[in-house]
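A, B, C and D label the chains in the order they appear, each numbered from 1.
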Amino acid sequence: MNHSKTLKVFSPFDQSLLKEIPMVGEKEVENALKLAYSLFLDRKKWIPPYKRIEILEKVQEIMKSKVEELTKTAAAEGGKPYMDSKVEVMRAINGVKIASEEIGRLTGEQIPMGLTQASVNRIAFTTREPIGVIASISAFNHPLNLIVHQTVTAFASGCPVIVKPASTTPLSCLAFLEILDEAGVPEGWVQSIITDNETAEKLVTDKRINYLSFIGSAKVGWYLKSKLAPGTRCALEHGGAAPVIVEPDAELEEMLPALVKGGFYHAGQVCVSVQKVFVHESIARQVAEKMAEMANKLVVGDPLDKKTEVGPLILPKEVDRVEEWVKEAKDKGAELLCGGKRISDTCYAPTVIWNAPQDIKVSKEEIFGPVVCIYPYQDRDQAIQQANALDYHFQAAVFTKNIDIAFDTVQKLNATAVMVNDHTAFRVDWMPFGGRDASGEGLGGIPYSMHEMTREKLMVVKSKWL
Amino acid sequence: MNHSKTLKVFSPFDQSLLKEIPMVGEKEVENALKLAYSLFLDRKKWIPPYKRIEILEKVQEIMKSKVEELTKTAAAEGGKPYMDSKVEVMRAINGVKIASEEIGRLTGEQIPMGLTQASVNRIAFTTREPIGVIASISAFNHPLNLIVHQTVTAFASGCPVIVKPASTTPLSCLAFLEILDEAGVPEGWVQSIITDNETAEKLVTDKRINYLSFIGSAKVGWYLKSKLAPGTRCALEHGGAAPVIVEPDAELEEMLPALVKGGFYHAGQVCVSVQKVFVHESIARQVAEKMAEMANKLVVGDPLDKKTEVGPLILPKEVDRVEEWVKEAKDKGAELLCGGKRISDTCYAPTVIWNAPQDIKVSKEEIFGPVVCIYPYQDRDQAIQQANALDYHFQAAVFTKNIDIAFDTVQKLNATAVMVNDHTAFRVDWMPFGGRDASGEGLGGIPYSMHEMTREKLMVVKSKWL
Amino acid sequence: MNHSKTLKVFSPFDQSLLKEIPMVGEKEVENALKLAYSLFLDRKKWIPPYKRIEILEKVQEIMKSKVEELTKTAAAEGGKPYMDSKVEVMRAINGVKIASEEIGRLTGEQIPMGLTQASVNRIAFTTREPIGVIASISAFNHPLNLIVHQTVTAFASGCPVIVKPASTTPLSCLAFLEILDEAGVPEGWVQSIITDNETAEKLVTDKRINYLSFIGSAKVGWYLKSKLAPGTRCALEHGGAAPVIVEPDAELEEMLPALVKGGFYHAGQVCVSVQKVFVHESIARQVAEKMAEMANKLVVGDPLDKKTEVGPLILPKEVDRVEEWVKEAKDKGAELLCGGKRISDTCYAPTVIWNAPQDIKVSKEEIFGPVVCIYPYQDRDQAIQQANALDYHFQAAVFTKNIDIAFDTVQKLNATAVMVNDHTAFRVDWMPFGGRDASGEGLGGIPYSMHEMTREKLMVVKSKWL
Amino acid sequence: MNHSKTLKVFSPFDQSLLKEIPMVGEKEVENALKLAYSLFLDRKKWIPPYKRIEILEKVQEIMKSKVEELTKTAAAEGGKPYMDSKVEVMRAINGVKIASEEIGRLTGEQIPMGLTQASVNRIAFTTREPIGVIASISAFNHPLNLIVHQTVTAFASGCPVIVKPASTTPLSCLAFLEILDEAGVPEGWVQSIITDNETAEKLVTDKRINYLSFIGSAKVGWYLKSKLAPGTRCALEHGGAAPVIVEPDAELEEMLPALVKGGFYHAGQVCVSVQKVFVHESIARQVAEKMAEMANKLVVGDPLDKKTEVGPLILPKEVDRVEEWVKEAKDKGAELLCGGKRISDTCYAPTVIWNAPQDIKVSKEEIFGPVVCIYPYQDRDQAIQQANALDYHFQAAVFTKNIDIAFDTVQKLNATAVMVNDHTAFRVDWMPFGGRDASGEGLGGIPYSMHEMTREKLMVVKSKWL
């Protein structure tokens, strides 16, 4: 590979060039891997827990002093509006804290012995050990926070990590790695690589990689998984088409702002964005029209403007794609209650679609754009069946005040998390988070990732006196 | 003490003499304690887990072959109707199984080290050890199941136990100890003493007793606790006056049978019997009248008759007491919607009281008889405040279909357990169970008792290579 | 596929035909899958926990009445000596009990809310749900117990399962499925298929399979994993070349019988058999010679004879393979201290090899035969490095009385379990068990399998009153 | 009581007056209790978790800015040498962090339902709630850190707390409460009272107190426990006479400094100070003489001097008491290997006693002074029996390199914690810590205290659809 290659990072809003970064080739990636692997093999180089805690506390401190800077970098390269980007930065700081606290919870437990005659005279305990070298492939939609999720977890767990940021949003990653460096993370524990996909695949499928953390499209994720070396574990976080069930007794004043936020936050470019809202027919049209009214009022525009509520899509071609999908919906008889058009080359208007057929793209695929579909239903069980019908199952929601219906719907929806009277995109970084079935593998959420990045070792001591 | 003293066990229903049992004095109790203590001190005599499991599986097997016999003994001495006594026997068998399974869960965990520089080079784990010799003082209302709760837990935990059954219902206890013997429990691990209260107090307050399990009146329980030797832990299970909140949206067809069962099961002689039902005024009178109608139809009589639904109180003087309390209620302006009278020297009619003042006995003390009070309310928070107003806090309930109200009421009721759309006396033997505040100390429920009957030992190994 | 095809099951000892079983083709497998999938999709057909427990208790009861029969079937088809096969049957019964008990532990936990301002007014809990339809591919070396591990766990977890037994040992599986049937497992929950590998692969890679449980060779396992449908999880249990470190202070009288058992049990056909014993040079030759002496005395022969200690290998071609590997060792300069030859077409003599080079098959690959290699070492850390050098990491052991050395070696050995002063093949069915790195994926051990066969669902309730 | 009463705080080293503080009487205490109780009763005043976390992070920040000041205050009033007092301050800051982190772990769990037919159609979860108003009675030996343990835990758990510091060391407490105030703890949540014992007893035994945290003498602790109102729980942390077993294979270079530190740290005024060292006769005299040699070199003197290793006892009368006990030892035939005399009115020389009889004070009571006893033994089991013989059982230790002996001794020593190859006074603030038997009740260690300061509430939801 030609080392003179560079990666150009553009503003997703106005397509201006933000920065040009040198890309690395196979040789540099091999060096990074060699270094990481040598750190893992040599226990004397391992960083003791108290030291990792000290460093991560320092990281938080530095981040707190750079909130404004980090916010602007993330907003500029990723297109998420300033106010939401700031929330992301605060969450990222909190994420470092969660990881630091979790270090003390990476503990084992006693395994009972003597429950059968064959197992007397023994005592047994487990401990948790770092799993090995980790490769992280990250996504663009939370350019700072996902990097925290995919590197700080590894470092906190005692694993060297090599991260490849999304090629559209590498700047937040690089800024964060500088902070890690400043905070005292020793060389080689957290390395980033800016490289092409082919080289990244070589890294990921190398035998010395013991764990792959991947956030991105299902297609790429499942492909990479099938190529991993024997023994490499992985966490895949893909998307979904998050469904919501709305019962006639839902409290609309609470629900509508939640659904609008859940559907149009970051222009819908979140893996758990509200996409398919099944509403009981008695109130469906009312809900749809009110949502359209609210969606229509959202301020779309420059992510660096503090008033902006919805920014651009990450790439112009995504606007094309969304446009095409919405057109298909219209052509197939769905009604557009608002939006349904591009605002510029990079921005698409928040769109509410009424009663799209179940077999077209907006109903079957993850939109990853500012589009919400409303479907009226007569029978709750049928609505749930439709909600479950895709291969993707991630987060879901139900709005009802009835306790029986709430529990029943939570039980029946195929999802890793079901919100009762809240939108599907609710997340805190310490909760379990991850797609089911085709939506992903392994569990995210910082403590859960750290659990997966470590593995149990059982010690059984035999002694005549036990 | 005169060894020729005996305990006469009478039928609570017809006062016939069921059996006369020799009582023991201080000397025998001291011998029992000495034996138990010597077993605890000598680790070589400890019974390994797999052996305890084998024995407890044998116990279940024998019990299963004696269901009819155990049912009749319990019903005859305790007065609980045959069908309910049979349920008790089945639960007792299940209880032995729960205890046997819990043996494998008496495990410790790793305590992290190295989180500070001062704690590096160490590894630490806890294990659980039997607490020592246990004294159990039991109650009459579940003459078999409580004995299981207070002896099998101890044996399963590795603790020698000395149990004093209720003086009204010792026969089930003695029958059970014979089963333990037949199943192979070695001598001294589970001993029973039939003795007077004074001698029992001497046992309980002896320094060699490391744990007291007491089920009975709050007065005796708290007294005994204040007399324990330094270092003796205890579990006290007293009673309460279980409150229920009924919202206007409660589903009555489900609720009414539950409340009737919860209020009149075993003639209300259960520490978590439904006693104080606060009903929203919009439906309060209707609820009260329907409950009275149903209570009126309950078959009261001979506990050995399979059709009997409500049996006698444990002692004739308890009938006198209940009579007096209900009379006070009537005198103070409460309305009796059914019952309100004795049926015989030993049986009292199921009684529903409307709107008794809050400052009289039926509202302030535990009735422990077949009496349920209904209070209409306007404001839910005020009803909750009244429900919480006594010193006793055990189990409680709320009937509503609204999820917000359900969670809010569960939060606000001062109780160890709150049932949503079920009566207060719901219990399974593996759930945590125990009174709060004046209602008791420590946690019952078989796994929880076993947790309390064992204690953690921490082992910290220091080594330069850790 | 031709439905008239059959599977012939031969005695591994004398090659006599034990039974001929009809094989099924794609159509029958599709029907089995359809049935299993329909059970999973229809929650009304799910079997409540108490019913699963009842059935599994019945299963244990029937098994206890058939110990002799099950022992002979397993010994006859699998070749494991009678006494060891009997132990397997008893373990299998215990395994059903463990699974039954674990049903009550498939529980969730509260996830805290309100730790940030953005998460107030919420309460969150997880529960565990069955993962879906499970396909199990089993191995020959524990023809009954592995089937229990791969079917009862699924049934207990609430998952329909389709199992393919090893083609050499299907009889124990079929006998067990008859027992399940007799005990009341409803149709379709546990189905077996006797089919060819191609058809089995089609089943395993079908999208409707949500979990693959595979026990067998690493080559097949990792291949199947790479072919799974997106969203299908798996547990792979392959083998290893279990290493042992022996320090100069090891207590030989305890160690030698343990190593002989761990190395020659079931003719070494166990994935955690003692294979590579690194002994400090000061005692290495003594250890090697004593082991050879003991190995030499092992009774090799007919598995149905109660005196037999080592039976045949599963197939004559395995004897050929072992013969070849040992020959290579000899050719490359290793010394044979005992054995080193075939006894018959089906049996190979227990063999102890002194100081084989590290780069030949007996040192680099899993032998899966009655061969143990002894290597003298000077430096413990170097020995550990050699022990860790293969891609396979499963169970390991260290013999020393020194507490520092014990903990240090446990830390450094790359293994899921390290025994201190016991052989590598120690296992109880409730402990975590599974290979690391190339040795497998996921965790076995009955409770751990059930954990993997269920998945968490998070419910987050939002309410203004929380 | 006369409000004009004051408490004079003297330097334990030179008896100079450090400060005079006004004492409060019953009325003020009643007001404090009323305020605390009203906060607990009114859920609207409860402080949400994220707010408690914010405040406690601010507390750490302020403390970090006042390390020097807090160190000097603690050293001046408590007499612990400057360097050790500084360690105490750092630990106190860490303790606030531990408590803050633990807030997110005060969570409940699912209780399984449906394991019996009687419990189907239900789902059950526990949550943890603050226990109520807490009274804390503190001790002098860690004037800052114990206050953190007894107030921050309560605040973090959501409980209002009233603390009475030791009358000898109230200044660190008052300084800490100012910090809490500055950090934003709302009024009434953490209150201190400087009062006499009689008034304190009235507070502690008041029915509105739901939990007593007591650190101090066993005599006072057990007395107070017997006086508590029904329903008041307690944690009592008393002392012991920590035993150590030293086997012939102990590594002396590691052990001797540990024993000297564990025996003479804070002049032995720690509840887990090394007091009784049982050494195998083959090395006992050597160990004793070396310890004496090292003890002799310890720098005794002014706690504010950074070179001081051992400071004064807390009160001159304690010097008298220690003098008397040592005299008794000498009179009864024990040999003094060093020390054995007072250095001044307030300081006692570090003392090593050889072979004191088991029935005199230095062997039977907690010394709480700079005195260590060495006893030679022949038989380890007999030494363990002597180590266990007192009623007090807290922390213990064993020095051996043999893994069998280590586990055996850990098993047999009656103690909450046994250190292997470390002294008995090892403690980190997140580990379980607390006396057994007469040494105390309940568990200390910050997370454990918070567990005890909260209680479980079980919610059982019944629904036909579950």
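Points to keep in mind about this one:
Here, contacts are C-beta pairs under 8 Å (C-beta built on N, C-alpha and C of every residue); 3 or more make two chains touch, one makes a residue touch a chain.
By chain, with names taken from UniProt: A, B, C, D = Aldehyde dehydrogenase family protein.
Being a predicted model, the structure only gives us computed values, none of them experimental.
Touch-path distance (fewest steps) from chain C to chain D is 1. Touching chain A and chain B at once are the following chains: C, D. With centres computed as the average of Cα coordinates, no chain lies farther from chain B than A. Measuring from the averaged C-alpha position of chain A to that of chain C gives a distance of 35 Å. Between the CA-based centres of chain A and chain D the separation comes to 45 Å, rounded to the whole angstrom.
Touching two or more other chains at once are residues 104, 111-112, 115-116, 119, 123, 126, 403-404, 406, 411, 420-421, 430, 461, 463 of chain C. By the touch criterion given at the top, residues 43, 87, 94, 111-113, 115-116, 118-119, 122, 124, 126, 207, 210, 218, 222, 226-228, 230-231, 233, 391, 406, 410-412, 415-422, 426, 428, 430-432, 436-439, 441, 443, 455-463 of chain A touch chain C in their complex. Of all the residues in chain D, the ones that touch chain C in their complex are 48-50, 53, 103-112, 114-117, 119-120, 123, 125-127, 400-404, 406, 420-421.
The residues of chain C lying in touch with chain B in their complex are 101, 104, 123, 403-405, 407-408, 411, 430, 461, 463-466.
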